[in-house]
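Listed next: structures, encoded as structure tokens.
Each of the next two complexes has subunit A plus one more chain, namely subunit B in the first and subunit C in the second.
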Partner chain A sequence: MGTDKKSEPINRVDGRAKVTGKAKYFAEFEVPGVTYCVMVTSTIARGTITTINTKTAERAPGVLAVFTHLNMPAIPGWAEQGSNSKLPSGGERYRMLGSNKILFNGQPIALVIADTLERAQHAASLVTASYNKSEHHTDLLKNKEKAAMPPRMGDYTRGSDTNAHNTAPVVMKADYTIPIEVHNPMELAGILAFWEGDDKLTVYAKTQGVKSTQRTLAGAFKIDEKNIQVYSEFVGGGFGMGLRTWPQEVAVAAAARALKKPVKLVLTRDQMFTLVGHRPYTIQHISMGATQDGQLLGIYHEATGETASYDDFTEGTVGMTRFMYACPNVTTKYRIVPLDRGVPIWMRGPGEATGAFALESAIDEMAYKVNMDPLQFRLKNFAETDPEKNKPFSSNNLKEAYELGSEKIGWAKRNPAPASMKEGDWLVGYGMSTGVFGAHRGESTCRAQLNADGTLLLQSATSDIGPGTSTAMVQIAHEVTGLSIGKIHFELGNAAFPPSGSQGGSSTVSSVGSAVFDVCTALKGMLTEAGLTFDNGTVKSAQGKSDSLQDVLSKQNKTFFEVTRSSKGGAELEKYSLYSFSIHFAEVRVHPATGVVRVKRVVTVADSGRIVSPKTAASQMIGGVTGGIGMALTEEGIIDHRFGRFVNNNLADYHVPVSADVPHIETIFIDKPDPITNPMGSKGMGEIALIGFSAAVANAVYHATGKRIRELPITPDKILSA
Partner chain B sequence: MNQFSYMRVTSKESAIAALAKDKAAMFLAGGTNLVDLMKSGVTSPERLVDINNVPLATIEETKTGLRIGALAKNTAVAENALVIKHFPLLSQALKAGASPQLRNMATVGGNMMQRTRCHYFYDSALPCNKRSPGSGCGAIGGFTRMHAIFGASDKCIAVHPSDMCVALTALDAVITVTGPKGERKIPFGDFHRLPGDTPEQDNNLQRGELIIAVDIPFNQLAAHTHYLKVRDRASYAFALVSVGAAMQIRGGNIADVRLAMGGVAHKPWRLKEAEAWLKEKSATEENFRKAASMAMANAKSQGGNAFKLTLAPNTIVEALKTAAAQA
Partner chain C sequence: MDDQLKNEEHTGTSRRSFLKKSSLITALALTPDTVIKAAEKGLDEQIASAIETMPLSLTINGVKQSVRIEPRVTLLDLLRERLHLTGTKKGCDHGQCGACTVHVDGQRVNSCLTLALTTEGRNVTTIEGLADGDNLHPMQEAFLEHDGFQCGYCTPGQIMSAVCCIREGHANTPDEVREYMSGNICRCGAYSNIVDAIMDVKQGGKKV
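Up next is the complex of A and B:
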């Protein structure tokens, strides 16, 4: 650990359970007497409900209850929070079924609960409502005047010549747009909730954080966290949408308490577009100044993203611009526009993926303006230390990454002139970009239990939304103790386990992994004291001792050794700037007559410290790049602003990339330990896999065609009309 | 979804009788479209008459061509050796549609009868004259990227989504239907309708009639065939524009040609004028381009689909070029 020693590639420890159907997801748990909840949602974007008729639904077969704002059981924690939010908009808080107010289209207006799903669905179709409509505003472009500085993010300026981006010898200005993107994990969101009495709640949830779900529910119902069981062992993809416990999930728990029955809610696919967040529609302006020979003199980057009228969603869209390049004068601004829409939420590469599209496209544009190779331009403006925080990077192997990636894709062999390369009728283009994300580490706790049979059980209240958390943790434990992989078992997804943070921000391996590292180290110490040692994959008696593990345990009247450790970074983290980096190279084909773009080859290099689990790490990169292909070429949530409603809220019309869109993705890891971040020397990688990728594609499209597409996704119509 | 009853029939006669008896009954074939429409509340049959056991799934050679049963699965047709040999355009078009899973369920009759994918049609919170006559067309002035450039009306600008039907219309197929009044034949080009003032009517099948087969007459077009579908992702997406092109080329000249487009109109769009002009001309890109611009004569944009005015002719040229280049 923390050394140059490479980790061995092991298979997912839960792979077999997943492919054989043994792994259980929240909706699959069978609870006796479970009932089914179906939501009726609003068909207007703003206004009030004037009448809601639930009579026919209530009389339909199997129906147990229909809850609307007229009879919804109170949620004490919600009532306590003030009624107005301190937002730029001063908007009203959203209290699901708390009043007759409609704040967005698709807002739940009734919960229909029945003894079977089909009966609940049928009854839900019988609920009718009439509205008093108000004017709604869902189009960011038409509401730019409402743009306001978010409460938690100020403007940033460095340098004495704040106008350098306008006055430099070479100036480049451009606007970039990204559409609404929707996480759309395969598994639908929801919850299964049941109570014992009035104050003991159990939920099976789709969540990226069992502890945060526990906290949210405890706050909502004003009961002790200890009285709330949260289970979420397997999650069928999250990408950020599971970082909140959503109002409808809390409401279902309230309904379960009122009915004294288990209630299960699984969202429909169209509800996934409105009720569990999305990547916000964002417009960006970049203005960049450089010398004739390509030295950056000034960057101005302004981003304006959407939020809901009832929440001040904020993300780090312009963060990368502040430190990525050695530029003396940098100004960034970030604004949010409150709209009559469901609130956005972090989506893989939150903020940075949006910002990197603009910044890394602009860098490419500037490189062409000063007649430089985009790679050379990046190297010329390379930041050796973090110019924002004025600190050294804990590790930064970008230069090596640029070299490895460009070598692999054959960057130097391309003809850099735009629209110069062809294969048959297709135009060929190469593009590159950089991605970056904070190498976060949070506090995490892990319990270790060494059993008499020599197996090791590790437990932590973390989550696994797909990256293979257990596999990485088992591998860390294996490397610390030497115990063989098959003897180590890692359990997560249970809020009763020792606390850890949510799975988000690429921090799990760093945070939970450190706790695993520490607890295993502590366990080694315990064994030494007990005259035992880890040796050759098992536990043996130490040199000169004869008692076996079983002997020692029975003499101490124990069935297992147990130790719990909490772990967090120390003061050394403050001295450094901690980031993970990625480089993306994409080779595309563009058909000039049909405007079709195909990604033909991808090389992605990650500088994410030491790679703890090579196989799942490669899968992370492949998954992230696939998300990046979607962002670049296919994904867009479309709203008809006349109605404030989505017009493609299904997987046939919202285009997630399919296998045919995804070429072979070559993943390269620098795999060098970071000396600062954590004892494993790892840095996060979930986000950097996606961040920047869309710019690599857009830059490749430019190289292929000479056309700059500054609005994602790059669909055939945009190529034809550019 | 409404409550409905379900029955299975095993003969054409019992199928027709079941629909004659019950005004709110509908045939169920693969169910890949009908069940979705039921789930979204667009269609609410009270009785489903499952016709999958009616023996209408054979694909056989007749004296004049191929006869394909209405219940033949899309996959079975696409993979059929006779189809691939005589009408590769049909096989290519089918394979460009939906996904393998859907094609394994979808039938030829169901594919012809599939309804538009216009979102305003699917979402009952939005106006749509096709779903609810008189409620207005939600698409006009809204999201029109996928919509018609030919033959639209002020009541409806939806397109027919099928790929298979583009090939069948190009190949001069003839549909046989049967009903309470007996059997009749409908040339493929006369089956689907333009929206006019009655967009609720997709086609000319009478209520209670059952599609039993499609006949495709032999031709000399197999050697130079190409189905080109332009879409937003590489697979599993409806056409922005698709073109079915088939030619017989003799000594560099076009002896016979068929051209049809998908994704541009309320029905599969045959390009007869362009075909007539191309006949006996040499198979050059220049001629293809002229034919394509001829085909676009009456095209009209709805705003969001303006790009189709460029994409459609380009796709015609590309399809013809590729077809011509085949050895």
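Up next is the complex of A and C:
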């Protein structure tokens, strides 16, 4: 650990459960007497419900209850949390079924609960409502005047010449737009909740944080966290949407308490577009100044993204611009516009992916303006230390990454002139970009239990939404103890386990892995004291001792050794700037007659410290790139602003990439330990896999065609009309 | 059908009031008295269950199943909610994502678009029935080896689809696999590894 020694690629430890259908996701647990909840949602974007007719639904076969704002059981924690005057709207909060107010189209107005799914679905179709409509505002472009500085993020300025971006010898100005993107994990969101009495709640949840779900429910119902059990062992993708425990999940728990029955809610796919967040529509302006020979003098980056009227959603859209390049004068601004829409939530590579599309497109544009190779331009403006925080990077192997990636894709062999390369009818283009994300580490706790049979059980209340958390943790434990992989079992997704943070922000391996590292180290010490040692994959008696593990345990009247350790970074983290980096190279084909863009080949290089689990890490990278292909070419949530309602809220019309859209993806890891971040020397990976990739495609499209598309996704119409 | 009934249907008035209308009951081949009494005692739901469900016999993973279900129940919901075969996944319920792919008489189908009653007498294979006891099917092995998944939710559908992709003769090149596997969405983005897994099985020549 923490050395240059490479980890072995192993198969996922929970892979067998996944390929045999044995892995159970939240909606799949058998709970006796379970009932089914189906939500009825609003058909207007703002206003009030004047009448709601539930009688017919209530009398439909199998219906147990219909809850609306008129009869919804109180959720005490919600009632207590008053308005927040810092909200752009002035304080109005969203309380599902808490009043007759409608704050967005698709807002739940009734919960219909029945003994079977089909009966609940049918009864839900019988609920009717009439509204008093108010004027709604769902279009960011028409509401820019409402842009406000978010309470949680201020402006940033560096350098004495704040106008350098306007007055430099070479100036480049451009606007970039990304549409609404929707996480759309394959598993539908929801919850399965039941109570014992009035104060003991059990839920099976789709969450990226069992502890955070536990806290949210404890706060909502004003009961002790210990009385709330949250299970979430397998999660069918999250990409950020599971970082909140959503109001409908709390409401279903309240309904379960009122009915004294287990209630299961599984959202429909169209509800996944409105009720569990999305990547916000964001417009950005970048103004950049440089010398004739390509030295950056000033960057101005302003981003404006949407939030809901009832929230102040904030993300790090302009963060990368502050430190990525050695530029003396930098100003960034971030604004949010409250709209009558459901609230956004961080989506993979959260704001950084949005910002990187603009910044890395702009860098490419400037490189062409000063007649430089975009790779050389980046190297010329390379930041050796973090210019924002004035600290050294804990590790930064970007230069090596540039070299490896460009070599692999054949960057130097291309003709750099735009629209100069062809293959048959297709135009050929190469593009590159950089991605970056903070190498975060949070506090995490892990329990280790060494059983008499020599197997090791590790437990931590973390989650696995797909990256392969258990596999990475088993691998860390294996490397610390030497115990063979098959003898180590890691359990997660249970709020009763020792606490850990949510799975988000590429921090799980760094945080939970450190706790695993520490607890296994402690266990080694414990064994030494007991005259035992880890040796050649098993536990043996130490030199000069004869008692086996079983002997020692029985003499101590124990059935297992047990130790728990909490782990967090120390003061060393403060001295450095901690980031994970990626470089993406994309080769595209553009069909000039139809405007179709195909990504033909991808090389992506990660500088994410030492790679703990090479096989699952490679999957993370290709997954991020695949998401990036969607962001670049196909994904766009479209709202009909006359109604404030999605028109493509399904997987046939909202195009996530399919197999035919995705070429072979080559991943390269620098795989060098970071000396600061954590004992493994790892840095995060989930976000950097996607951050920047859309710019690599946009830059490749420019190289292929000479056309600069600044609005995602790059659909054929945009190529043809550019 | 008289106007009153049309109106009742339109407004969705409950079965209870429907059953109480003796003039209409004669249209149903039931004994009116019994039904009316039952309705008055609030037993109409149970009777309705008997009226509204139909028998279905089919073979799932080699096991004969006989159930009574409503005609509106999909094969997917029959598997997941009644038979607890939850390996088959619900991703969209609209035939757009492929997570619910199962084999019906050896053909890959979206079980969410298949009304369960249409599978009368047929052989259904789900992910739970693919392996031979503890011995994984070659496609399961290949997915495991190539890490052809991440969260695992689309995986059963991918594997069921992949098996048929080879059986259909649509796995001759990676590009052909990409085309014929594009009905199965993987949001984690494991396509690159999935294609490798399928090509591996195809080239390995084992019977699928």
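We take it that the second predicted complex is superposed on the first by the 718 of 722 C-alpha atoms of A that agree within 3 Å, B and C clash if a C-alpha of one lies under 4 Å from a C-alpha of the other, contacts with A are read in each partner's own complex, and residues count from 1 in each chain.
Everything that follows uses one rule, which is that contacts are C-beta pairs under 8 Å (C-beta built on N, C-alpha and C of every residue); 3 or more make two chains touch, one makes a residue touch a chain.
Everything numeric here is computed off the predicted structure, so don't read it as measured data.
By the touch criterion stated above, A:N648 is placed in contact with subunit B alone, subunit C being left untouched. Once the two complexes are overlaid on the shared chain, A:T634 sits against subunit B while remaining clear of subunit C.
Legend: residue contacts after superposition of the two complexes on their common chain; A:D535 is shown touching neither subunit B nor subunit C. When the shared chain is aligned, subunit B and subunit C each come close enough to touch A:P657.
With both complexes placed on chain A, subunit A has more residues touched by C than by the other of subunit B and subunit C. Residues 118, 122, 652, 657-660 of subunit A lie in contact with subunit B in one complex and with subunit C in the other.
Residues 1-3, 41, 117, 119-120, 123, 125-126, 138, 141-143, 145, 228, 230, 232-238, 240, 306-307, 310-311, 314-315, 317-318 of subunit B touch subunit A in their complex.
Taken in their complex, subunit C has these residues touching subunit A: 11-16, 45, 48-49, 52, 70, 72-73, 77, 80-81, 84-94, 96-97, 99, 126-128, 130-131, 136, 140, 143-145, 147, 149-156, 159, 174, 177-179, 181-195. The part of subunit A that touches subunit C in the complex is made up of residues 11-12, 14-25, 27-28, 30, 56, 59-62, 116-118, 122, 126, 183-188, 234-239, 266, 268-269, 465-468, 615-616, 618-620, 622-627, 650-652, 656-660, 662-665. For subunit A in complex with subunit B, the touching residues are 43, 118, 121-122, 125, 425, 591, 593-596, 598, 633-634, 638, 640, 642-643, 645, 647-648, 652-653, 655, 657-661, 715-717, 720-721.
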